[in-house]
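Have a look at the structure below before the remarks.
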Amino acid sequence: MNLLEALDIRKRFGGVQALDGVSISLKENEILGLIGPNGSGKTTLLNIIAGILKPDWGVIKYKGIRIDYLAPQQIVSLGLVKTNQIPKPFNSLTVKENIAIAVMYGARKIKNQKQAFDEADRILSYIRMENKSDVLASHLTVQEKKKLELARALATGAKLVLLDEVFAGLNPDELKENISIFARVRDELNISAIVVEHVMRAIFSLADKVVVLNEGKKIAEGEPSDIINEPKVIEAYLGIKYG
Amino acid sequence: MIKHSLNKKAIAARTIAIIVAVIIVIAVVSIVGYYLTRPPSPQVAGTIKIGFTISLTGTFSVEGTSSLNGIKAITKWINDNGGVIIQGKHYNITFVYYDDQSQSSNIVPLYTRLITQDGVEFLLAPYSSPLTSAAAPLADQYNIIMISHGGAADSIWKQGYKNVFGVLTPASGYLKPAIDWLSVNHPEDKLAFIYAGDSFSVTASKAALNYALQKHLTVVYNQTYPTSATDLTPLLQAAKSAGADAIIGGGHFNDGQLIIKQLDQIGWKPKFICLLVAVTEPAFYSSLGNLANLVCGSSQWESSVKYSPAVAQSLGIEYFGPSIQDFVNYYKMFSTNEPTYHSAEAAAAVLILVKAIEVANSLNTTAVRQALLSLHIMTFFGEYKVDSTGIQIAHSMLMIQWQNGSLKVVYPPSFAETNVIYPYGS
Amino acid sequence: MRLTVSFYFLIGILFYISITPFIFSFSQTTLILDLLIFAALAYSINFITGMTGYVSFGHVFFMAVGSYTLVYMSKVFNLYPLFTIPLVGLIGALFAFVIGYITLRFRGVYFALSTLVIALASYYIVLVIPALGANEGLIFNVRFEPLIWFYTIFSIVALEAIITYFINHSRTGYAIRAIKDDEDAAIALGINSMRIKLILFIISGTFGALAGGVFAWSTAHVYPTEIFDLQFSLQMLAMILIGGMGTVFGPFIGAAIVYLLTYYLITILPNGQLIIIGLAVILVALFVPMGIVGSLRNKIKQIKQVVE
Amino acid sequence: MVDTLLLFSDIVYGLLLGCIFSVMALGLNLIWGVIKIVNIAHGEFIMLGAYSAYFLNLFFNINPIISALLNTIFGLGLGLIFYFALIHKELRNKETITLQDEMVTLVATFGLSLFLSTLALLLFSGNSVGINWSIGSIYVGFLYIPLGALYVAITSLFIIYFVHIFLTKTYLGNAIRAYSQDIIATQLIGANPTKIAAIATSIGIALTMLSGSLLTVWIPVGINPYMGSLYAPISFVIVVMGGKGKMWGSLVGGLIMGVIIDTAQIFIPPTLAYAIAFLILIPILLISKEGILK
């Protein structure tokens, strides 16, 4: 059974057809790379799956349950979480508190505060940010904020994470670190992900399968190595950045 | 070089020291001066302390200032004429007052302060019905006598307060002279009632409306407007198109002016206009000019009214306090304007209180209350007598009209200086 | 949950306030009574505006609801005012539920404006309801019982302060801070922000109504232009801004500052306090967004870090 | 038959009043639409404009239309002070305005509103004053139209048109519109964002004070320190109704508001007419935050 199934998703903003009948599916423990030029509808699709936007048309099922009419917080409770393209940490709270909130709510809803903070400590060590534990989130660098965004998503206990450009804007070392953290987490926690990314290296080192969107339509789907040679993709995607 | 700069530093330091010293000296002198020149503490033996708030700023500032000057005038008159006599001893009247800014939210804190901290022995109510309504409960709670001089709403005396007494005709009687005059002289006129939404104006206008219906007059329009209204043209338009000949109502000073100004703007001259409160103020004429001519109003009192010991004697009651002329003379010591009825009713409140204290021969609340309940006298303000609830039942209302720049008493005929000129705009 | 030092400090202060009628003179006690009414209002608006950052300009509405309910029930059904208090809270909660359900969908300035228009419009509506005394308001003749008023309002303030403490130290407290920082991010982590906001708004409305009820009881009347005076709303807001938004002690400190200023200036320079409060609000908003208590707490944190 | 005449004349009065409402809301709208800041002290600037008109009339016998032009000059100056004292700190070097920034300015301008209205109360006392500018009425068919109100309405329409031309046809106007879309874009076309924000704010305040002056024609004795608390909410509702940032939306919103307030009074007590005028905000917000006018 597929973990996630999105069928014939359509969404219109004013005069623009942002999504025009896109379908994607994802198996358990699979990583799907979602690529496409700017304005091709990638972020819109993630927002619709996460419940932040409502589709005009189409059905989304997660673990066999229809989620397209649920509120975002209900979808998170089922174990599906999305990170933000621009990190949105809670600036007046510390890094540890940021993560603890995700533990206390999210999908796990741990009521005991001590237990939640212990779990937050564990996740901090996972992402190697123990030394930043008591720093206010507003004082972090961009890279640290991106890591926190990822950590918070993992802390919810989600089984499916939607990653919206968590690797963009990092230097090669940071990129390498984040990719390795994510790869390790994925194996140990047994989670699945949809990764929207401009950074091709991230997609190709992580994704099991790639879907290409252009102007709200799916134009290709397959193994990363096949996709890169697909003529339609190259045509639609000349501005592609490799690495 | 070093020496020079040291010198400079020393000079700077000395300058600062001098400045600081001067500031300290000024501060000390001003504080000491303040305490030395402060009026002697009002807790001197042989005085009776009366407390009240009055509106010196805000919506009721015109009426409030007139009232305050009235109180000042009568207090001076009383103290100049032997003060209050209790058990053979003479007491002077002093008063403590605060500006309530015409805001009812200030009433409770200020009256509580007057009672609990300033230690006043008697209270005067604030000006206007809403403020009086807010203050009245405190009179009973703290068991202190309160005399109302500007709160005319009948509802004040329907709460069962023991300690609240009125010297003025209650709201329900305000417009009665106007209706009486119309029913005798122009019963064919169709009436429009347009009045402010505060309790005083509503009570006055509704009572007049019912009275008009009793007198078989035709009422074609009846509407209230919010006290904060700044545009009354829709109402005036509606009254006009309902075929009204006369406008009765209004409220306080600002909206009274507004009605007259906007009547002019929409180009309508009703035959007869009688408004509450606003008309009696000199400022009404000075700011409206010719538009104010022939506007009628109701008044508790005018200096041209003749109340005197002789009249009192003919009614078989006692006359107490200054003559009207004496009061006007005293009033002129505190104000360049002529006293209005607000001045007179506020002064009357003090006068009645003094009489009641003398009759009770005591400062005790219960004794003074008994005296206030049983008194029936005349002062320069007219008759005083209350029923068991404390509401005024003997004082009579006047109708006045602006005629070529002067305010004339035109009704009832027994007190009238001249006749009503009809119609408005002629 | 582990109780911190500040909790025992809070209990200590509350105990001290509870015995003030026996320490101070009668006139001083009436001042503390007034101060407690201010504090009750400050805590009330703190639940919504202080905790979530949803600025409510129309909070005076709940005060009016409470005043009218208490006076109406006492007058029409001839009940002893204290017995109407539970009903006052209930009606306040009910109104808060309905209004919150609609307006909490709007964020930022839209929420602020919708609360403002609701308060303004309800004033105009009350003016034409004869049962509520229309423009005349309602007056009722009650006994003079300053001690009972004192302990009623004291219990309300104590309850508010303790509830504030427990909310701030609970799991929900973290969710609330998350909502205040970034509501969308909070929702994305599974926090049901609408429910939390609505509950806080109901608590806020309930206590606002209770404070209004005691206010009307102690002044023995409710008069529309007085009780709907937006100045009350603005002063409540100023109190928590100056004291510290969302904190346990901030509302009380803010209330004390605003009340004392008002008290001392009302006879010297009437309304002068509003100029000072206005300026203080501007300065606090721009330079000390956390208010007095919030900034002190940060300073203490910094000092602790240095010392350790 | 009488009733239709009444309705018709109230609609005419409502439209005349609405023209001033439109200018009143225009200043708020410009600030809100361009720099995304809601000026809670909007009503107090209207009040200052009205008092300025009153004093200009009292001392120099200047009529409200002329003083409106003078108010524009005062407003530009006050607007700059307002911007740099209260707003600049929050906008400086920012590309987008967060909800937190918005709340800070909301609260700061709220403090300003408290400050200005109280200062006015202490300086001018709370007594309502007015301008005696009676220039008569003209009789049209069945209805008197006060000439003052008519001139003011025409002035208002002219001002709205002028602002429209300014925003669409001039370099500065285009820069202001660019700023409202995207602060970075302003830099790309070579304009200094701070300068643009400050200019837009001061034009907004100038329009607001100007409208205060025009308003005095309608409120012969309604100039007082509290007047802002009535006209500010009306302006807020108009801007939300017309959609923030849409200048012509203010015109339509203002006219609708004027007609609602004046005609509703035929059917219901005036107090309820105001209640409706305010409460209309809630359904509008439930439909769309961008206003109901497309």
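Note that the chains take the letters A, B, C and D in the order they are written out, and that residue 1 is the start of every chain.
By definition in this document, contacts are C-beta pairs under 8 Å (C-beta built on N, C-alpha and C of every residue); 3 or more make two chains touch, one makes a residue touch a chain.
Quantities reported herein were computed from a predicted structural model and do not represent experimental measurements.
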{"item": "Chains in simultaneous contact with chain B and chain D", "value": "C"}
{"item": "Geometric centre: closest chain by C-alpha means", "value": "C"}
{"item": "C-D or B-C - the one linked by more C-beta pairs in contact", "value": "C-D"}
{"item": "Furthest chain, CA centroid comparison against chain C", "value": "A"}
{"item": "Centre-of-Cα separation between chain D and chain A, whole angstrom", "value": "46"}
{"item": "Whole-Å gap between the CA centroids of chain A and chain B", "value": "74"}
{"item": "Approximate Å spacing (C-alpha centroids) for the pair chain B, chain C", "value": "36"}
{"item": "Where chain C and chain D are represented by their mean Cα positions, the distance between them in whole Å", "value": "32"}
{"item": "Sequence positions of chain A contacting 2 or more other chains", "value": "none"}
{"item": "Chain B residues counted as touching two or more neighbouring chains", "value": "57, 101, 197, 224, 226"}
{"item": "Chain C, residues touching no fewer than two other chains", "value": "124, 127, 271"}
{"item": "Chain-level touch network, classified as line, ring, star, complete or other", "value": "other"}
{"item": "Pairwise chain contacts under the document criterion", "value": "A-C, B-C, B-D, C-D"}
{"item": "Chain C-facing residues of chain B, complex", "value": "57, 98-101, 103-110, 112-113, 116-117, 130, 133-134, 136-138, 140-142, 153, 155-156, 159-161, 197-199, 202, 224, 226-227"}
{"item": "Residues of chain B touching chain D in the complex", "value": "57-59, 61-62, 101-102, 197, 223-226, 228-231, 233-235, 237-238, 241-243, 254-255, 257-258, 261-262, 264-268, 287, 289"}
{"item": "Touching residues (chain side chain D, partner chain B) in the complex", "value": "2-3, 5-6, 9-10, 13, 17, 121, 125-128, 130, 132, 134, 137, 139, 144, 146, 148-149, 218-222, 224, 226-227, 230, 262-263, 265-266, 269-271, 274"}
{"item": "Of chain C, residues touching chain D in the complex", "value": "53, 55, 57, 102-103, 105-110, 112-114, 116-118, 120-122, 124-125, 127-128, 183, 230, 234, 237-238, 241, 269, 271-272, 274-275, 277-286, 289"}
{"item": "Touch list for chain A against partner chain C, complex", "value": "50, 52, 71-73, 76-77, 81-82, 84, 88-93, 97, 100-102, 104-107, 109, 111, 113, 116, 152, 156"}
